[in-house]
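Presented below is the structure to which this report refers.
Chains here go by letter, A, B, C and D, matching the order in which they are written, and residues are numbered from 1 within each.
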Amino acid sequence: MAVDYETMNKIVKKALSLGKKELPKGRVADYIPELAKARPDALGICVVGPDGTACKAGDTNLPFSIQSISKVISLCMALELHGVDAVFSRVGMEPSGVAFNSIVELDLQSGKPHNPFINSGAITVESMIIDYRSFEDMLEFTRALCLDQDITLNRQVFNSEMATCDRNRAIAYLLKSKNVITTNVDSSIELYTKMCSLNVTAESLANFGLVLALGGIDPRSGKRLLKAGTVQTVKTIMLTCGMYDGSGQFAVEVGIPTKSGVGGGLLSVVDKRMGIGVYGPALDEKGNCVAGKVMLKYLADKLGLHLFQG
Amino acid sequence: MAVDYETMNKIVKKALSLGKKELPKGRVADYIPELAKARPDALGICVVGPDGTACKAGDTNLPFSIQSISKVISLCMALELHGVDAVFSRVGMEPSGVAFNSIVELDLQSGKPHNPFINSGAITVESMIIDYRSFEDMLEFTRALCLDQDITLNRQVFNSEMATCDRNRAIAYLLKSKNVITTNVDSSIELYTKMCSLNVTAESLANFGLVLALGGIDPRSGKRLLKAGTVQTVKTIMLTCGMYDGSGQFAVEVGIPTKSGVGGGLLSVVDKRMGIGVYGPALDEKGNCVAGKVMLKYLADKLGLHLFQG
Amino acid sequence: MAVDYETMNKIVKKALSLGKKELPKGRVADYIPELAKARPDALGICVVGPDGTACKAGDTNLPFSIQSISKVISLCMALELHGVDAVFSRVGMEPSGVAFNSIVELDLQSGKPHNPFINSGAITVESMIIDYRSFEDMLEFTRALCLDQDITLNRQVFNSEMATCDRNRAIAYLLKSKNVITTNVDSSIELYTKMCSLNVTAESLANFGLVLALGGIDPRSGKRLLKAGTVQTVKTIMLTCGMYDGSGQFAVEVGIPTKSGVGGGLLSVVDKRMGIGVYGPALDEKGNCVAGKVMLKYLADKLGLHLFQG
Amino acid sequence: MAVDYETMNKIVKKALSLGKKELPKGRVADYIPELAKARPDALGICVVGPDGTACKAGDTNLPFSIQSISKVISLCMALELHGVDAVFSRVGMEPSGVAFNSIVELDLQSGKPHNPFINSGAITVESMIIDYRSFEDMLEFTRALCLDQDITLNRQVFNSEMATCDRNRAIAYLLKSKNVITTNVDSSIELYTKMCSLNVTAESLANFGLVLALGGIDPRSGKRLLKAGTVQTVKTIMLTCGMYDGSGQFAVEVGIPTKSGVGGGLLSVVDKRMGIGVYGPALDEKGNCVAGKVMLKYLADKLGLHLFQG
């Protein structure tokens, strides 16, 4: 990092204190009982520089379910397995401008989901993985990308989600009827739901962000974990589609490629410079960590991290 | 530029020759008779570096109507006049995922247009300008941003568009009924249509691209033409929304903020490094210059211009 | 009538008293100030038998603006002028299943409005009349059909509606852009709005209902006012589309072809047997007179008026 | 009947010959292989009068799958079991104005299907039956209503439909996610598909039509098979929603409550007067027997059967 460790630590702590003020504006997701159990005042942020040095503040080691951030990991795997052309023959690259679980746009359009970060697109991505990788393989892949061997499946969350996934099943059967999904619907839904139910921490996400910032290289071993093309594609889609239907505004105001999950996580990539992980289950009305935007905007302004920094 | 002038010239010429091969795949816009008169084989590209040195190939001085690229200029003016909060209280920042002239999304949503680069958003932007700037003011502003005093109104195009703008009028009255437009509908439509009917060249656009790349500074005089915040906002929205419903794919594959117009123009900004202008009226099915993508992708690969270049 | 005059009078009075109990559930339309001035407790019902004998109860001579019921009159005129094929080449005959002023369905479909009783369809119908009949002609036509020479234009309502008709203008320009309307937009909107602003009474509507019940014959003079085919068409569309998006339910539960207006009027046709007019400006959430349904259902049950009476 | 048997026979034969001329305009349904096997030139019509006398012409005893006409039978059963209020708390009574298998309208609206004759509504109706009646019970019920003990399940059609019902599953899971369906999705889909796969004849349908025309009475035994209220409701919904998105036009032009199926059947009810059954697998673009409309319009004109016959 351009600033020394101590300065960085202060900046991160200041960001946390600014974020805490936002918490009362947010609400914990309650569409499944397990998510509703989260502490609304939990908040943590972890910034990891290219040398692996981490600056942390708050609840950076509290485990929480990764939810939609797993869509990044599954997209990485599908791109590694099949390449960009094959993946995007079934899923688009366009922001949808609508809510993450929309069925309408799916049926009005060609049937090809708008992008891999809405549910329809992500389930399609899983359908391209199930015949090639087991959940155990995907878990190992996640641990590797997050430099975190402690990542596990949260069974309570998984069971809770499986009991309430009728809408996702509807989406999957619609995709099947349109020949977008050509493999097994049940297995695709199961893998999708398991991936959403992985327990991570803000620190795991910061590590993953750094791997993406470094173009797919593990900063510890120097080993390539992902192809450069995969990472370039993923970062761009994180920028255009990562924050649900608030992606455009976040890109303008913060300008850091980021993917959110309703479990409260944020995965941010400052290209070539750092990875940032956030945990804060109090969400804004679009499903993004309410404190996260303020914290990331503070860092962007303070450290010049906006994509089009003047 | 990192490469010398001669090398750059060669690269630009090579891009042109690659672009020419794409032309048979495109079609000239024919929704108004004046646009249909364009030569489908016209093609030009101009790259301007930070010192103002231009590398040109093909039809870079052929005038053509700016069309939707004027939406960038009007957005700049509205941001300069009212600031980011006021402008975006009436228009969103989100990619729409639908065609540029959609009415459906407008009526299903809050009524706030998705972004300033679809017709509904752009007409709303004009409605925020008409009480503050005349068309003559806007023409001067355009000339200043493009470093080109020869820009004029194309009367034939203007008359032709005014005779076929019923859909835009429908959009404007719908916006009026929803209190998004609060000024005069006819004047907003007239300014919108006049701005679309300005005659520019690939070189004018390259100059404008450079001004944006330099954060709003005129490279000749060093004078600030636009506030840094305005430029940062505009570049981000060009990236997420600049290529109609092909914006996401263009961002992934080329990674250069670009705005297209159905007159055949492309305005591209390589942040801090260069401005690029393209003219080629043969369009792909989304309304973007069909050769442009290939030419810009070639430049991006050759010169490492992708936003998330590995 | 099958029942004697005195019995009928009692039944009508009983209907009124049942209707009055419903009034607290309704709300007067307030989208234009003039409509909001109506007394929410006003209620009247008039039943006219084939011999012209009228049974009245409540506010049957209070004038109110006809609003959407004028769509029946304009449809009659267009059918008389151009015949069924010409009219329905521009407007459909299908219930829309959506709100009366929907733009979405218009743009998603072919552009042909679903039916002549939603705004888009009615404006299209007016556009087929303006080159053949003046507003004065239409006023005379209305007076003849309602057997009421006192019908006049309510200038306050007309001015109030013209000041707030941006949505209708949007609809009309969209129809123009799709070549559904091929005549003058402004004149079509003006005639549409004038027709909506005619002052009628419950008694005028009952008379009109009787003319329709008798297949287009004036019960007083025996003169044919409308072709039999026109009347058959109009009655069927009143049954399938007359009560906005509550038409299906009304057909099932009451089974009497009826057209409502947000001014509080109901025009009902008991085929071959009677005409019924209702006035009650307290509306249900679909825009239909809240007391009307209860009164008409009572009459239908008591007198066996349901279309498929067992 | 008002006309004698011989005259009626001639009229029915003439109708058949008129219908045959329409056949080249139609196409056999091919969305499942079993349906595609139907002979496109098959055509039959059967008219049954109140005394049970049948006039037949053409292929009136050729078995074919009942398809959507079974929705009438299931609606009858649900109404008999639960009453009108309970049934219509889950399904609307409004024509939808959209295609029979629309998902969009389902998700944009409250989630309550528009009516019991589109797939979403019919699957919901089945979900209200499965805990009370077995398929065998429903088969007996169908045989009783059609006065035809020979009705059986067509296994080939059933298997073929089960193999291609992903869209219906999508609809059912969406309804489950919105708590419109509260019972088992798989059982609801299975019963729905079995009911669609029953083999009937034009004569069976004519008999069923007569039972409905007589308000629910078996003309042979005089026994009441259905409550009068059930029959009144069903006839009205057949009129407003029976012919997919061509229901409104059919009501205007023919004026006989009718339900169609993509197997080629038509069930028509001339209230109090006759039942009519048609078989002709060549369909128009809306999925209705292409010859049926011409034959029924001929009968309506010749015999004065339109609802609002002048």
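Operating definition for what follows: a contact is a pair of C-beta atoms (placed from the backbone, for glycine too) under 8 Å apart; a residue touches a chain by one contact, two chains touch by 3 or more.
A quick note: this is a predicted structure, and the numbers were derived from the prediction, not measured.
Peer 1: Which is it for copies chain B and chain C: same residues on both faces, with over half shared, or different residues?
Peer 2: Both copies touch with mostly the same residues.
Peer 1: Could you work out how far chain A has to rotate to sit on chain B, using CA atoms and steps of 5 degrees?
Peer 2: That pair's rotation angle lands at 180 degrees.
Peer 1: Just give me the whole-number Å value for how far the CA centre of chain A lies from that of chain B.
Peer 2: So the centre of chain A lies 32 Å away from the centre of chain B.
Peer 1: Could you give the separation in Å between the centres of chain A and chain D, each centre being the mean of its C-alpha atoms?
Peer 2: Taking the mean C-alpha position of each chain, the two centres sit 49 Å apart.
Peer 1: Could you put a whole-Å number on the gap between the CA centroids of chain A and chain C?
Peer 2: 55
Peer 1: If I count partner chains per residue in chain D, which residues reach a count of at least 2?
Peer 2: 108 - these are the residues of chain D that touch more than one other chain.
Peer 1: Got a list of which chains touch which?
Peer 2: A-B, A-D, B-C, C-D
Peer 1: Which positions of chain D touch chain A when the two form their complex?
Peer 2: Spelled out, the residues of chain D in touch with chain A are 102-104, 107-108, 166-167, 169-174, 176-177, 185.
Peer 1: Would you mind writing out the residues of chain C in touch with chain D in their complex?
Peer 2: Chain C residues touching chain D: 88, 92-98, 105, 114-115, 215, 228-229, 231-233, 235-237, 239-241, 245-249, 251-252, 255, 257, 271, 306-310.
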